[in-house]
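Below are structures written as C-alpha cells.
First chain A sits with chain B, and in the next complex the same chain sits with chain C.
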Partner chain A sequence: MSTDITDAVELTGSSVAPYSPENPAPVIEPPRARTKRTPRSTRTNFEMYGWLFMRLSGVVLVVLVIGHLLIQLVLDGGVQKVGFAFVAGRWASPFWQYWDLAMLWLAMLHGGNGLRTVINDYAEQANTRVWLKTLLFTAVAFTIVLGSLVIFTFDPNIR
Partner chain B sequence: MSTPNSPTLDKHSSALDAAENTASHLITVTLRVRRFNPEVSAEAEWVDYRLPIDPKERVLDALHKIKWEIDGTLTFRRSCAHGVCGSDAVRINGRNRLACKTLIKDINPEKPITVEPIKGLTVLKDLVVDMDPFFQAYRDVMPFLITKGNEPTRERLQSAEDRERFDDTTKCILCAACTSSCPVFWNDGQYFGPAAIVNAHRFIFDSRDEGGEQRLEILNDKDGVWRCRTTFNCTDACPRGIEVTKAIQEVKRALITRRF
Partner chain C sequence: MPAGTLYRGREGMWSWVAHRVTGVLIFFFLFVHVLDTALVRVSPEDYDKVVATYKTPIVSLLEYGLVAAILFHALNGLRIIAVDYWTQGPRYQKQMLWTVVGLWILLMLGAIYPVLGHAARVLFGS
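Moving on to the complex of A and B:
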C-alpha cells in the first residue's frame, strides 16, 4: 500500500471517482462498538470468580503438574517404567486417584476458561462466539466426565 | 560571539548567527500519513510528504506545515496544541502519542515517520476518528461526584493523604491514547477500556464520593475490569504518564476485597 508520492494529493487525483460527497464510501466500523444500549448489565460476579479461579487453580496446577511430570518422567527409572502395571499400582491408592482427579478438573476448567476468554477477545461475530463456545464447553464437559469415570471405575484386573 | 568586548555588536552578530543556524538546522523528514476520504475512495492509503523542519519541532508542527503549505485537504483534530486538551492523539510510528508532545528528533527522523489514526474507533476522515463509543464508555462509569444526604453549607474538605490516593488518575485528559492501544478494545468495543476505568478509579478512591459501590458494580460486569489482560499497552501509551494498568488492578483489588 505504501506509495512514494512527494508533495502530492493522491486522493483527488483520480478522474472517475465512484464516491462523491453525496455518495460517500462506507466507513469501516470496529467490531461490537459500544452504544447507549450496550452492553447490558448482568449484575453477577461470574467474571470475578472466573478471574480468581484462574489465579488460584494456576498456583495449584504448578504443584500438581510438576509433581506428576517428576513421577512419570524423571524419578525411579524415567518414562520407560510407565505401563499398565505402573498406572494400576498408582491408582490403587486413593491419594493418587484424587491427585489425578484434581489435576484433570483444574487443568480442564483452567484451560477451558482461558480459551473462553480468548474466544471473547478474538471472535468478532456473535454467531462465531456462540459456536466456538458451544464446541469448547462440550469438549471440556466430555473430557472431564470421561476422565473422572476412568479414574474411579479403573479395574486393574481387566483383560 | 567573536568580539566579547563590544556588547552591542556581539548581540547583533549572535542574532545573525542564530538566524543563519536556524536555516541550517532544518532537516528533511518524510511524513507517511494514513489518509482516508470516503468521499473519494473506500480505501485508506499511505501518502508520503517530504518537508524541511526543525528537528526540535513537534509532529503536530509537521502536520500543520502539510495542511497549511502542502495539502489543505489533510484532516486532523487539535485544539490547544500543548498536550492539555487531548484532541490530537494519533498513532506515530506504531505507538499512540499526542502529536503535540512528540518531538521530531525523538522519533528517528532518518526514516519515514508514520502517522495513522488511533485504532479501534471508526475512521471518519484521515486522522479523525469517531469518539462516540469512547465517550459512551466514559459516561457509563458515571464520572461525576455522587453524594448522599443534604448538601453541606461549606466545601467538602479532604486531607492531603486522601487526595493523594487518586491523584494519578485525575491527570486524564480523555485523549483515548490508552483505550485505542488496548488489544482487547480493538477486537471488542464493548469493553469499557482503560480510560473509562481510570476515570471510575478517580471517583471510587475519592473519600468525598459515595457512589463507589455503584461504579464497582458497573465495572464488575462481563465487559468491565476483568477483561483487562495487563498487557501494559495503556500505561505505555498514556501521554500524561498515568499508571493506567495499576489503576485497573486497584479497581480489581477493590472488587475482590469488597467480596471477601
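Moving on to the complex of A and C:
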C-alpha cells in the first residue's frame, strides 16, 4: 500500500533553492512552546475533555440526528405529515421526549464547542473573542433552556 | 512570514473546510429550529402556519441541502474519529475520505424521492 502522507503537504511560492542541510528551512516556534513564565502545570485538562466530548457526542449524534431526519423527512409521507397533532403524538411518549432532549443537549453543546474553536481560530483580537464567546454562550444556554422547557411543558390541550 | 509556507493540504484540508462549514451551518439551523418548535407552546395554529412553509418546494430544496450538510458532517466526523483512534487510520485517511464521498452520493440519491418528491408533484403535476 503506497502511503503518501508527505505528498499531502504542498509548499508553494518558494523563491529560494530547495532546503538542504546547507540551506536549512526557517525554524517556526511551536505555538505551545513552554517558556520560563509558563506554569509548571495547567490547572485543568479542559481542552482534552472538550476534544473527547466532540468525539463521544459525535458518535451518539449520528444515531439521534439521522434517526430524527428519517422520522421527520422520509418515513410516513415525509415533512407533509408534520404539524401540531403530529408533535402531540410523538411527545406523548417519554421515549421520544428523552430522545429529543438528548439530541438538543448534545447537538447544542457539540456545536457550541465547535463554534468556540472557530472563534478562537478567526477572531484575532482578544476583545472580539470575548464578545463573540459571550454571545455564543448566551445563545447556547438560551436554546438549551428553551428547548428543554418546551419538551416538558408541552400541552396537547393548549386550546 | 517565512517564504514558501502557503499550506495547500489537498484532500485533508478540503475535507476539514467542508466539515467546518457544514458544522457551522447545522448549528445555525438548530438555533432557528428550536425557536420554531417552541411555537407549539404558543398555539397549534401558529405552529401549523409556520410548518406549512416547510412543505413548499423552495423550502424542500433547503431541506435537501440540510440533509446534504448533515450526512457529510456525520460521515466525515466518523472518519475523523477513525483517523484518531484506529491505528491504521492516518494511513488510510484518503481512502476513507473517498468512501465517505461515495456513501454520501449514494445516500443523497436515495434522499431525492422522499425529500423532493412532493415538491416535484406540486411543480409538475402528479
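The rule is simple: the second predicted complex is superposed on the first by the 117 of 159 C-alpha atoms of A that agree within 3 Å, B and C clash if a C-alpha of one lies under 4 Å from a C-alpha of the other, contacts with A are read in each partner's own complex, and residues count from 1 in each chain.
Everything below uses one rule, namely that a residue touches a chain if its C-beta (ideal position, glycine included) is under 8 Å from a C-beta of that chain, and two chains touch if they have at least 3 such contacts.
On a predicted model such as this, the values are computed, not experimentally measured, just so you know.
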{"item": "Partner chain(s) touched by A:Val74 [first = chain B, second = chain C, both, neither]", "value": "second"}
{"item": "First (chain B), second (chain C), both or neither touched by A:Asn120", "value": "first"}
{"item": "Partner chain(s) touched by A:Pro26 [first = chain B, second = chain C, both, neither]", "value": "both"}
{"item": "Which superposed partner A:Gly50 touches (first chain B, second chain C, both, neither)", "value": "first"}
{"item": "Which of chain B and chain C A:Asn157 touches, first, second, both or neither", "value": "neither"}
{"item": "Touching both chain B and chain C, residues of chain A", "value": "1, 3-5, 8-12, 14, 25-26, 28"}
{"item": "Residue numbers on chain A that touch chain C, as the complex places them", "value": "1, 3-5, 8-16, 25-26, 28, 55, 58-59, 61-62, 65-66, 69, 73-74, 78-80, 82-85, 87, 104, 107-108, 111-112, 114-115, 118, 139, 143, 146-147, 149-150, 153-155, 158-159"}
{"item": "Interface residues, chain B side, partner chain A - complex", "value": "32, 35, 37-42, 45-50, 70-71, 73, 120-124, 130, 133, 136-137, 140, 183-184, 186-190, 217-218, 220-224, 226-227, 229, 252, 255-256, 259"}
{"item": "Chain B contact footprint on chain A (complex, rising order)", "value": "1-12, 14, 17, 19-21, 24-36, 38-39, 41-43, 45-48, 50-52, 117, 120-122, 124"}
{"item": "Touch list for chain C against partner chain A, complex", "value": "2-12, 20, 23-24, 26-27, 30-31, 34-35, 37-38, 40-41, 43-45, 47-48, 51, 54-55, 60, 63, 67, 70-71, 74, 77-78, 80-81, 84-85, 90-91, 94, 111, 114-115, 117-118"}
